[in-house]
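Shared chain: chain A. Partners: chain B in the first complex, chain C in the second.
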Partner chain A sequence: MPTVELSHITKSFGPLKAVDDASFTVEKGEIFGLLGPNGAGKTTAIRVLLDIFKPDSGTTSILGGPMTEAKKDHIGYMPEERGLYQDISLERCLIYLATLKGLTPAEAHQRIGAYLEQFDLAEHRNKKVKELSKGMQQKAQLINTLIHQPELIIIDEPFSGLDPVNTQMVKDLLRGQREKGVTILMSTHQMHQVEELCDRLVLIDHGKVVLYGGLDEIRRQFSGHAVTVRSSAALPSLPGVERIEQHNGSARLNLLPDTVPQEVLRALVERNILIEQFEIASPTLDEIFINVVTRPEA
Partner chain B sequence: MTKFWHVFRHEYTRHVFQRRFLFALLSVPFFILFMIGMIFFMVGMETDTTPMGYVDHSGILARGMTAPPPSAPNRPVPMRAFADEQAAEAALQAGEIQAYYVIPQDYAASGQAQLVYIKEPRYPARGQFYDLLLANLLADQPPEIAARILEGNDLVVRSADASQEASDENWFSILMPMFTGIIFIAAIATTSGYLLQAVVEEKENRTMEIMVTSVSPGQLMTGKILGDIAIGLTQLFVWSIFIVIGIVIGRNYLDFLRGIQIPWGTLALAVALIIPTFIMNAALMAALGATVTDSREGQQVSGLFMLPIWLPYMLIALIMESPNSPIVVAMSLFPFTAPLTMIMRAGFATIPAWQIAFSIIALSLTALGSIWLAGRAFRLGMLRYGQRLRWKEIFARGGAKA
Partner chain C sequence: MKKVWIVLTHEFITLLSRPSYWFAILGIPLLATIAYAVAGRANSDSGTQAVVTQLFSGPQQVSSQGYIDPSGLIQHMPEGMPPDLLIAYPDEETAAQALAEGKIAGYYLIPSDYVQSGEIIYTSADYNPLSAQGNSAQFEWIVQYNLLDGDALLASLAYGPLELKTVSLAPEPQREENNPLTYFLPYGVTMIFYIVILSAASLLLSSVSKEKENRIMEVLLVSVTPRQLLAGKIIGLGVVGLLQVVVWVGTGRALLAAGKTTFSLPEAFQLPPSFLVWSLVFFLLGYALYASLMAGLGALAPNLREASQVTIVVILPLIVPMFLINMLIEDSNGLGSTLLSLFPLTAPVAMMTRLSAGGVPWWQPILAALLLAITAVLVVRAVAGMFRAQALLSGQALNAKTFLKALLGKN
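== the complex of A and B ==
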């Protein structure tokens, strides 16, 4: 049974259809990417999932059924818009929010102490939240998301405002959570992070699901009929190659429909071309994203 | 239930231990101290302690009786006897005395005396001379009769059912319900402001989204509203302690405080009205916080809610003159104006039981309706960042489908 399931969800605000018949599932123990351009309906989909908004139609299932008050204690949510009490100390703020997730104040105090050490925030525990930098607040928000050891983490733009060191720390942390069997639904614009972390993804545009599946499967789906060749020698014209495009020291060879990549490799070897790299051309997620959201029917 | 308690405790401690709350808490006792100080200062300024003179041709003042000492904050004015008018006049011209009385030989028969002054002396000095004269006129009477006459009369006006009473000595009791009402409403106004601010802040700093994915809107709102009421009751409790201390200390010095009797009936009425008013107002402020875009707008709109609650205070003259007039009765029954009108009316009239019952029931139902409204507005408006929620959306059928 999937940890999260959205089935034909539609949600409108006045004339605007924020989510339009969207369906996807998130399996237990995976990191799932929820992607889409600004205003695509990602946040609305998450809010519907969390029962903050009621859908106009469709059904949701989370941790095996409809959202309940008890399930809130098993979900860690870090929204897009960061939210911490600004006028109280960091430690007090985190303890209060942790108690709302079912921890006793003593448990919350103990766990927060360890997390503050891990996140390098221990010396700032008595500072008011508003006195912390954006990156520090981001880390505090992550502590708030993880403190009650949730089964499901829903996290929106987890890397925004973080320096490379902290970005790496958060990535390691998310991988660590996945290894523990925690399911992670991550919404982000940073495609290289999705490529690094996510097992599967869904791309939403104008409220509709336009891409959905495993990362490799989607890449294959969008890989054109081409190969990438890196060579110090100039490439001659080859049989079965429609055209050659140069890209940063490598060449993209677009193949004719009935040409297989092995034939091209054989032709290069036969011509004694020194080959440094030969691979099936695979688009980056960035390219796929731009391709999907800018095509006319998208 | 535990989460409601955490919300309640957080709301309470967050505001009660803040500087602005302590400032509001201490403002009333400081105001009372300031007012008492001003009374002492004004009365003290009124008493000119330059001696008063007298020329007694009747021999009455030679009987050697002394007047009872003046009550605080009045100060004693020395009385100086002169042998004749020339000596008294010379002292007056020299500024040694502020005025002098000439008591003629036939004073006992005529009751007429002459006061000579350059600038008319104020009442405290004249009053003390009258007391001296009276004490000596009563020198032949048995002490208890003399003391009773010196004490003077106290006219008590009592309502037919004996529930209301006022007298020269107990005049301040008439004003007690009015002060009680004002203090209660002031507590409501300040504390509901905290709740409004808390909800708007949670919207502004985006904490709301975290909150609603941790605790149910019902528990969140209940915790907030009860926390807010607890803050208000703390405020009232501390104010009451200061007021009681002020009265206990002040009655040693101020006559009008000696006559104060605690109006238990009015207090019970006030408590019965104030609790639903607290809930109604707190819920409305929470609803308002959920609908507005920022705290400044919230403060402006909250003024409109507080206006009807304060309206009876502006119409105080009408309530004092005609406490049972149709408009005042109507204000007693309308939930927003009822709390202050009822409490103020209690000082000037006997309120029929049905009106009290109607008012409390109407207020309680309005409080329940306000909680419903707050829950609906909260559900719809909590995530409307920078966008105002319209009231018609709240009341629209199916509007809670946020």
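== the complex of A and C ==
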């Protein structure tokens, strides 16, 4: 049974259809990417999922059924920015939010102490939240998301404002959570992070699901009929190759419809071309994202 | 219930940890106590009226006056008259010299034909109609006393032939109409109630609006229900407001009690214990009503600035008794005052003003509290409906019409 299931969800605000018949599932123990351009309906989808908004139509299932008050204590949610009290001390803010998630003040105090050490925030525990840098606040929000050891984590732009060291730490943390069997739904614009972390993804545009599935499957789906060749020698014209494009020191060879890559490799070897790299051309997630979002409506 | 308690204690502790709150809760009573103590030390043997007058108008200028009496009218001085208050001069020249030397503030000339003309001339160094008028009352009394050949009783009756005593069937002791406290006591109570209800209710507006702006509302709604959040906030901030009422009203009562010995304050100005009980009842009900309305505003407005623009619609009924305070004090049992103190939206302030003015029939505060309680329950229920997650996060523009429609459940 999936940890999260959205089935034909539609949600409108006045004339604006924020989510339009969207469906997807998130399986237990996976990191799932929720992608889409600004205003695509990602946040609304998350709010519907969390039962903050009621959908106009469609159904949701979370942790095996409809959302209940008890289930809220098993979910960690981090909105895109802020989400913390600015005028109180960091420690008090985290303790308050942790106790609302069902921890006793003593438990909250103990766990927060450990996390503050881990995130290098221990010396800032008595500072007001507004006195912390954006990166520190982001780390504090992550602590708040993880503190009650949730079964499901929903995070919006987890790497925003983090330096490379902290980004790596958060990535390791998310992988660690996945290894423990925690399900993670991550909404982000940073495609390379999705490529690195996510098992599956959904791309939403104008409220509709335009791309959905496993990362490799989607890459294959969008890989053109081409190969990438890196060689110090100039590439001659080859049978079955429609055209050659130079790109970042590599050549992209677009093949004719009835040519298979093995024929191109054989032709290169026969011509004694020194080949440093030969691979089936696979688009980056960035390219797929731009391709899908900018293509004309069907 | 546990989460309501967590929200409640958080709101309570957060507010109590603000220095500005302690400045407001303790600063004002402290200032009042200092002012009272200073005035009390300076006037330990004078009456309340003098103290109140001094608090509001500063120290009194006492100065001798002179008189020249060619008519021979002044033969006696009333008993207890300070010897240097009125100094006789043989002629106008000597009196004018004394005036020039600053020995006297002015002098009266009683012409020889005074009995026929009734005219007395007063000469002072500069033109000050207020002080001349003040002094002339004393001199008028001396003239009257002498016209009646030094008969103090007769002069007193001629000076004020009618001393009207009003008898009321209400149990509270009657107050002197010309005592400034008769006005200032209810006025003070009105101000206190207006400020504490408004400030406590405004805390709720600011709390909800800030959480929306911080986007922490989103995090909270994944932990608590909107109703748990509303309940926790109303109760938590209500306790904070209650603490303020207790400190302010308690200080007021203590000062009035101290005034009994310090200023010989009449019994009528001691607020009865029932007043403290009614204070708590009307504060709690008034707070519940206005705090819910403010929370509704906070729930619907996208930010504090837009909420503030609609605040006047909510607090207008609370301001009305302030505008009509003279009527509430001077005609406290009239139709207008009674209606204002029974109408739920104006009752929290108007009824407390009337109760401090005294003489309110026993059943009226009970009826007012009942009507107010019913209204508060209805409003809390309506606002709980507004406190839906969608309203809290929609960020749509707010105006008075939208708010009133939402309150009536029409959106």
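By our rule, the second predicted complex is superposed on the first by the 296 of 298 C-alpha atoms of A that agree within 3 Å, B and C clash if a C-alpha of one lies under 4 Å from a C-alpha of the other, contacts with A are read in each partner's own complex, and residues count from 1 in each chain.
As a working rule, a contact is a pair of C-beta atoms (placed from the backbone, for glycine too) under 8 Å apart; a residue touches a chain by one contact, two chains touch by 3 or more.
Remember, it's a predicted structure, so these values are computed and weren't measured experimentally.
Student: Once both complexes are superposed via chain A, do chain B and chain C end up clashing or fitting?
Tutor: clash
Student: Return first, second, both or neither, reflecting whether A:Leu97 touches chain B, chain C, both chains, or no partner chain.
Tutor: The answer is both, since A:Leu97 touches chain B and chain C.
Student: Once the structures are superposed on A, label A:Ile88 by its partner contacts, choosing first (chain B), second (chain C), both or neither.
Tutor: After superposition on chain A, A:Ile88 lies in contact with both partners, chain B and chain C.
Student: With chain C in view, single out which of the stretches 7-15, 61-69 or 133-141 of chain B clashes with it after superposition.
Tutor: Clashes occur only in 7-15.
Student: Would you please give the residues of chain A that touch chain B in one complex and also touch chain C in the other complex?
Tutor: Residues 47, 50, 52-54, 69, 72-73, 75, 77, 79, 81-86, 88, 96-97, 99-101, 144, which sit in both footprints.
Student: Touching residues of chain A toward chain C in the complex: what are they?
Tutor: So the residues of chain A in touch with chain C come to 13, 47, 50-54, 69, 72-73, 75, 77-88, 96-97, 99-101, 144.
Student: Residues of chain C touching chain A in their complex?
Tutor: Residues in contact with chain A: 3, 6-7, 10, 14, 17, 214-216, 218-225, 389-390, 393-394.
Student: Where on chain B is chain A touching in the complex?
Tutor: Against chain A, the touching part of chain B is residues 2-3, 6-7, 10, 14, 201-202, 205-216, 383, 385, 400-402.
Student: What does chain A use to touch chain B in their complex?
Tutor: For chain A paired with chain B, touching residues are 47, 50, 52-54, 56, 69, 72-73, 75, 77, 79, 81-86, 88, 96-97, 99-102, 144.
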